[in-house]
């Protein structure tokens, strides 16, 4: 399976990423550019997105990038740093950097920016690479 | 304002926590016991909740506990460790521990368990305490 | 091998823990109480310990606790939160909490306090449990 | 004060960085390239460096880079991911990336590589920027 086919399979079976309104801009090995528009049902009374929104977007990008090589990947842990609040109507975008990829573990950084290119959050995640593969499932 | 009044105000203005179906079991200073049932729209094709669900639940609990003292609190960063997948139908529950509370910073641990008492995830978060207060807003 | 025998073997082969002047107060399964006195060669010009000192003390405690069950444990990642600076002459002490222990992964929290019982730092660490055992080495 | 003068002042008052044998290859605004050779007193019985060594090296680089702009910076928290053990005799080197720099907070990534260019560890750290300045002290 190609990265696109793997991420198709993941995304099509992921109603939460769909509820978030995630749009896939680019798939690739170790890459995942996603976009999401901050809707009112993602915000609190101050018009600022719940902390779980930027996290969930970054977590989807991390999962897509980590699985794109064909080996099943599971998150061990992730750290999110909040740098700027995401406002109602903002369009958030991810950029994934594959820091390290060994045989059993891999490490990623996901940057979440808004439509002005300002950094909203950075997620640093460690994943376990299982011996199971994505093809023929 | 009492912790309950502050969390009422936060929760009532937080449509994402409401979409998650979060039920408040207990509010208090530095405490927040929340429950959430894992619905199909939170799961992927394997019947396992998206990583953002446990995170978002824990982040709500952390925000409620951190703001309950009356001082406005903002997340700086949080680390989530995934220990066991959350399954469709699981009822997830939070327990918050206030590790440290200074004048400008505070630190929390949120444990997320399922209905069997098994640990699903642990979130360790640092918050900044602003000089703004919750009363009279 | 008992927890004490495993930690004896680890500590006796660990010149850095010895340079730090680490004293072992209690060994046990998933437990490690260590003490260290902050010396001038651990401090900067402001009489405050380098951030690596509290981290290294906590990392030794985490390693001792994680290996004490008899299975070889390796750190995947750790997060340290700094809550209060450690001063010259302070006696730092660790308390380890075993949050989770599965067959392949385990998770620990290490609190570092000073002689007044004030919290200096908290370390949250994930370890990989290998299939290798400590006995007969 | 220039970045070099600030880091001179920090390094000259930091006996722990000196004990580590840290060599400064490059100072600059938001930059700090440091080197350290893994000596036997930093290793355990398996000839592998204590986890606190890579952390301490990265923490020094982070502190130098974060303070280099002239504003006093204090670590809030840091996450280290261990990717490959550092062996006796390895020469470890840091590269710092300034992810974000606001008025009160900044965020850094420090990569630690060995002499073959292999990634040993990645540290992701958040710092608080105080209103105090480095000049005229």
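Here the chain labels run A, B, C and D in written order, and each chain numbers its own residues starting at 1.
As a convention for this text, a residue touches a chain if its C-beta (ideal position, glycine included) is under 8 Å from a C-beta of that chain, and two chains touch if they have at least 3 such contacts.
Since this is a predicted model, take the numbers as computed values, not measurements.
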### Task
If we define chain centres by averaging CA atoms, which chain lands farthest from chain D? Would you check?
B
### Query
Where are there more C-beta contacts: C-D or B-C?
C-D
#### Entry: Length of the line joining the C-alpha centres of chain B and chain C, rounded to whole Å
29
### Message
From the mean C-alpha coordinate of chain B to that of chain D, what's the distance rounded to whole Å?
### Response
33
### For chain C paired with chain D, centre-to-centre distance based on mean C-alpha positions, whole Å
21
### Task
For chain D, jot down the residues that touch at least 2 other chains.
76-77, 79, 81, 105, 126
## Note on the structure
Contacts from chain D onto chain B in the complex sit at residues 76-77, 79, 105, 126
### Message
Show me the residue ranges of chain A that touch chain B in the complex, using the header's touch definition.
### Response
9-10, 12-17, 19, 40-46, 49-53, 55-57, 59-60, 63, 74-82
### chain C residues touching chain B - in the complex, by the definition given at the top
79, 81, 83-84, 99-100, 102, 105, 107, 109, 111, 119, 122, 124, 126
